[in-house]
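To keep things simple, chains are lettered A, B, C, D and E as they appear, and every chain counts its residues starting from 1.
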Amino acid sequence: MILGRVVGRLWAARQAAGLTGRKLLLVRPETATGDVSPRLIVAVDGLAAGPGDRVLVAHGSRVRDLTVGADVADKDIIVGIVDDSALERSSS
Amino acid sequence: MILGRVVGRLWAARQAAGLTGRKLLLVRPETATGDVSPRLIVAVDGLAAGPGDRVLVAHGSRVRDLTVGADVADKDIIVGIVDDSALERSSS
Amino acid sequence: MILGRVVGRLWAARQAAGLTGRKLLLVRPETATGDVSPRLIVAVDGLAAGPGDRVLVAHGSRVRDLTVGADVADKDIIVGIVDDSALERSSS
Amino acid sequence: MILGRVVGRLWAARQAAGLTGRKLLLVRPETATGDVSPRLIVAVDGLAAGPGDRVLVAHGSRVRDLTVGADVADKDIIVGIVDDSALERSSS
Amino acid sequence: MILGRVVGRLWAARQAAGLTGRKLLLVRPETATGDVSPRLIVAVDGLAAGPGDRVLVAHGSRVRDLTVGADVADKDIIVGIVDDSALERSSS
C-alpha cells in the first residue's frame, strides 16, 4: 500500500461501464520524509474520503473484489483513512 | 489508474494475434502539478479517444476483460476520457 | 522482494473490512549501498516486526494468501525479519 | 505496454525449464521525447524481432498465455513490431 | 525480466513459512549501459547462483509456480544465469 493525500477529484465524460457511478479521487503518494511525491494516482473511493484526507491506497484485483466490487474497472482502491495523529514515526 | 494525455497513435507492422484490429494510443502520464511525465505508455483504446484527450489508463487483466475483452494481449486500457473542466484540484 | 527498514506504524480511523485488526507498518526500502530510499511502503505485518527492524516485504495476492490470509485487503506483506549480521555483501 | 528498441540479445548458460529454447532480447524503453531510457528489459520474443527493431512489450501472465505459451517462465513479451513511419505524434 | 548482478546473500531470523529453506540472493539490476542500478532486489534462487553471477530475475506468481514452487512466499525468482560472453549488444 501507499500512503497519500487526496488532492482532488475528477469526473469522466465518457467511461468504461465498470467505472459508472464510482467516485474517483486524485491522490499524491507521501514520501518517507512526509512530503508529497510529484506522482499522481487516481483511485476509486469506497470510504467517503475527500480532499485533504490522508489515505491508504492498495493495488490489486482481489483488493478491489474485497472492497468496491469485482466489476470495477480499476484496481487502485482507497482502503483506509488515517488521522494525522495516528501515525508514529520512529527515529531509526 | 493514471491520468494522462494522448500524444499520438501507432500501428504495428507485425503483431501478436491478440492485438489485431486494436487501436493503440501513446499516452503521457500527468504529474500532480499538471505537467506531463517523460514516460510513455501504449494503451489499448475502446472509448474512441484521440490525440489531445485527457484519459484515465487502468492496468490489469480483469480491467481488460471488463472493457476491451479477455483475448487482448495487453493490460493497459483507456477506461475514461476526462474533460478539462471536470477535474477539481484542492489546495491541500 | 524488497529489503527495508521499519520506520513507523499507523492506524486507520476508517478502513475497509479487509484491514480490520491488521498491524500496518511503514517501511523504507533499502538501496544497494545500504541507504534508505525516500519511498514509503505500508505493509501488513504477521511476524511481530517493529520499528528499527530490517524486513523483507513481498508483494502479491498469493504471498498474502500464504501468510496473513486471503481476506486481507492489501498485498504488500512482511515475510521476513533479517538480523544485521545475517546479510553478506560481496564486492563484485 | 511500453514502446522500446531492441538493443541486443542474450543466452543463458543455465536457466529454468520454462525458458529453454526461448529467444531473449534486450529492450530499452523509449521516452515521450523519443529518447531511449537507461532502463533495460529482457523480453521473450515470438515475433522474430531483432536488434534495432522498435517493439511493443506487454507485461502479464495472460499476455504470455495468449502469445508465447503458458509454460514460459517470464511475462515480459514482445507483442508488436512498429515501423518508424507508423507512429504519429501529435503536438499537444 | 530484468538482468542483474548477484551482490550478496541474506538469511532471515524469522520468516513466513513459505520462505523456509529458500536461498535468498541480493540482486542489483543492470542498466542499458552496463552499470548496476542503486536499486536492490531480493530474489529466490533455484539455480545455484552465487555472488558475482549475472542473472535473469523474472517476476510473477506463475513464474514462481513453474520454477521454485507454488508454496513460496515471493514472486521475484532467478530464472537464468548469463555468462558475460553470452550477451550481444547492438549499436542501434
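To be clear about the criterion, a contact is a pair of C-beta atoms (placed from the backbone, for glycine too) under 8 Å apart; a residue touches a chain by one contact, two chains touch by 3 or more.
Just so it is clear, the model here is predicted, and its values are computed rather than measured.
*Asks:* How far, in degrees, do you have to turn chain A to put its CA atoms on top of chain D, rounded to the nearest 5?
*Replies:* Best-fit rotation on C-alpha atoms: 145 degrees.
*Asks:* Quick one: report the Å distance separating chain C from chain E, using the average Cα coordinate of each chain.
*Replies:* Centres of chain C and chain E (C-alpha means) sit 19 Å apart.
*Asks:* Centroid of chain B to centroid of chain C, CA atoms only: how many Å?
*Replies:* From the centre of chain B to the centre of chain C is 31 Å.
*Asks:* In chain A, which residues are in touch with two or more of the other chains?
*Replies:* In chain A, 61 touch at least two other chains.
*Asks:* Ring chains in order, chain A leading off, chain B next?
*Replies:* A, B, D, E, C
*Asks:* Which residues of chain A touch chain C in the complex?
*Replies:* Chain A residues touching chain C: 1-3, 29-33, 46-48, 56, 58-63, 66-67, 77, 79-83, 86-90, 92.
*Asks:* Considering only the defined contacts, which chain A positions touch chain B in the complex?
*Replies:* Within the complex, chain A touches chain B at residues 5-19, 24, 26, 28, 36-43, 51-52, 61, 70-71, 73-76.
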